[in-house]
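To keep things simple, chains are lettered A, B, C and D as they appear, and every chain counts its residues starting from 1.
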């Protein structure tokens, strides 16, 4: 296994040059300040063994990776019937922030919980007296998943998104009109922007990945953090819709359940085998970490990780 | 295993009542003559053991299931670069016969090879001097996959589709205009309508499934019929786009690579385990065999077949 | 002319039965309380002679008719370059509240000032220190156009729209994101909902119509209330986009510049001849007064009012 | 009036430099060979007086201007009920060759007869035993309208369009599928491509314009060539949809019923006053003669021709 640790370092160094082919996210002023050359990975197997390489101490905002966490939380809170009564299960060929299908489909439900409309609808279902309590429930789940004592947000990113996230406001008000979401839209968006601004490291993501890979159980304590069926649902969405508009290509080339965020993070879970966290803020055109995707492709090939290969 | 055979018969009889909740396809006059009460299944494991139940002798036109065969053939003929230079890899939330994205996306390529536009583009790439030779290459591959000595088409269905398939003509001419396809459009469509009219039984589909489940190798002879990488690509498309507009839901509820056709057939391949063929001409609203989907859901649960469950 | 007055009464009575074929607007709770049987008209020629028939004392909220007023005001305030730098001049085949083209067209500008998106963008350009002052500028223009001493709004309709107008909020935030509008969106919407809730009678609308028919001049005082070029622009939009999604049909069947509102009002201006106001809260499927449209069609035929007939 | 003749020559020379800001149509190879510097006009008033300037002998293919002729013919053949049972009356914000609304609107009818889909549907309604007889009926109407003894087509343009017009084929087959059109699609398209390839001069267009301006009557013989109501309908469509995607802007800036073609021609009809023909093959981005539009704008202003100005 020392060999693998060395190989991992080698892969990161080989693929670091890919960071120059991408660009950091620009639509939020704060995100554009990220260092594009960063690249790092953590992998944890179900025995708890950890392998890391590259910029593993870098904390980044998880952005869309939070969609996975809140989906798990609302499914545990309210059950599939409620959640999928509001939000569909189908992949879409439209961009992640598209509003078109809310108008063209009847009823005007978001197609799935991994696009912004669907994720905002998911967030609107999180239970709690107020935004603080609801946010505490999200961070509490992340603490359980990662073992972190404290989960913090990047306040400047949060404020930046809150001030400029008018496309998300448009989605939310459209869904309010369609009665997909109820209640105070600004509260829902406030919670959504907070969850996107949560800061984690690649090791944290890898720990979340191990729980998903292990059918929702902690591989350390054996505790069921997420019920098995919900862990399965989430991995399914990660395959069909987790990598924005290149989910289909990623499924072919890599074949691992994964969810990316525009902060450059990728959370991956190889069923029964690995939890993986990757960071690389330079993004490809679709919004996925460009070097991070390359690293996962190499790992999938070398370790034979694709779900679509037999045995 | 005799127990399993009995259980399979039981499942078919339990789920046969579901056939009354669906309707046979109507858009082609010939298809509307099918018996809606039919339900049958064949399952073959990688040791060659076969289990069957229900209407297993019924021959039906494979319709969209042929998309899987022609994709394999063109990938073997021309390679990924050529095929995916013309056709995308992404799932779509639009109906299988939609033309909209050909106009809105630049370049106007079909999103994936499982929607009609993409499948017609795939068919246009099949090599051969003329339609007869190209069709012979399709049936030849099916013969290798199934072990059948002869592959026949349903002539009345073929003629019916050829005469009324103007929506597919519109897709083909639009793609000709966009230079996604070249050559004689009527020839391409003739070949496409022929491939859709190929008649198979559930055992034939199950045999095709075993090859896909076995990374492209015959489980009898060990011969590589489809290269492993191509078998993997096809299984990936079956998961992300194989069940029309309920592919996402099917992935969650069943979690098996599968491709359905409006004739009521479903081809499924459980990696490393099973090839499965199902027939049930009564369809749900999305165009999938309504009772057939139920049968697969029960099997997935009882045999723990979902790819998204760990170990 | 006494004959015409009698004929006008006759037309109203003949067409009143059409009110039963339509329905009052339901999307705002308050509007649904309107009496669907109401039908009334006022016509004023450029000498000031007035003819009326039916329910002429009924006050109704002008709704989308206000789009004509605010367009005139912003064109006077800011000029064509500014206004049409934000809002297009082209008719659209999409519904009046559609958001799709804001996403599909680059830049994401509303197609014209008669659809909701365009009208909200127009309202965002009205100058004034705060909402009150801006609204006073709208009512001031209406006072000049109608000679009314006071212009009031229906507070319950205003509050109802403000509370439930989330589709308009979605349009506004989408345009804020596209930088079509700037400033405080809730202020813009507050002003928009107020302008829609202004209450007028058919005689008021007819007076506004005479000014438009008279190239922007008061036919009483000769004062230029709206510059001639702006009056012309407004009449053009009334023809190409004034009657929601049946503007084209109305242009063929009636051929008079007209703007309708979901309160049941229609403002019409026959160039050089007539100002007309009609009320009939029962609407057709497109949102236009069903009996009111019939009345205008009869008048156009009998008085030869279509602009598209020669001499 | 000699002054006006001189002024017209002056206008043409002043605006000829605009031809350099546009480009000749490229989508048909043959059209791209046109001389971009050409600019010419003919104007005929209802007394028969003719004024001309610039390249008045140049023969050009009328392209979309033919849509006006065939609409008149089918309305005379089959009546409004039949024609508008197949084709709508509403302007659209979509491009002239768009197929999207055929899929999104139910029933899938073209929005109006001035976009390609609508015009092809109109052509499918032209009566006659075969394509030759139907085409003879089109040219016969043009002979009546223009007084020409013979109407010819540009064979190389016709063949070029027939060979490359696959987008129009897609529209036609889609409409065949929707039962908007019936019969042999290739025959319909053959007729459509022929009508587009008819060659006329500006004086011919001006003569057609006088008939429309004169409510369908010949201003020479007084004969009713097109019934008054149909002439009115056509002028209405020319205003709402005649200038592709800048019809709305043209209505504001010029205010004259007009129909353009990608050959560079514009047919205009000022009700009660003028028939006008313009040629200028250099097109703006929307497909209208760039210098020709400028010439009409100057004339509208100087002669006060806008329909939207009062008296």
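Assume a contact is a pair of C-beta atoms (placed from the backbone, for glycine too) under 8 Å apart; a residue touches a chain by one contact, two chains touch by 3 or more.
Keep in mind the model is a prediction, meaning the values are calculated, not measured.
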Spell out the chains that contact subunit C while also contacting subunit D.
none
Separation of subunit B from subunit C in touching-chain steps, minimised, is 2
Looking at Cα centroids only, farthest away from subunit A lies chain D
Quick one: subunit A and subunit D, Cα centre-to-centre, how many Å?
55
If you average the CA atoms of subunit A and of subunit B, how far apart do the two points sit, in angstrom?
32
Centre-of-Cα separation between subunit C and subunit A, whole angstrom:
48
Show the residues in subunit D shared as contacts by 2 or more other chains, in ascending order.
104
All pairs of touching chains?
A-B, A-C, B-D, C-D
The residues of subunit B that touch subunit A in their complex are 88-94, 101, 111-112, 213-215, 228, 232-233, 235-237, 239-241, 245-249, 251-252, 255, 257, 271-273, 306-311
Along subunit B, where are the residues that touch subunit D in the complex?
98-100, 103-104, 166-167, 169-171, 173-174, 176-177, 185
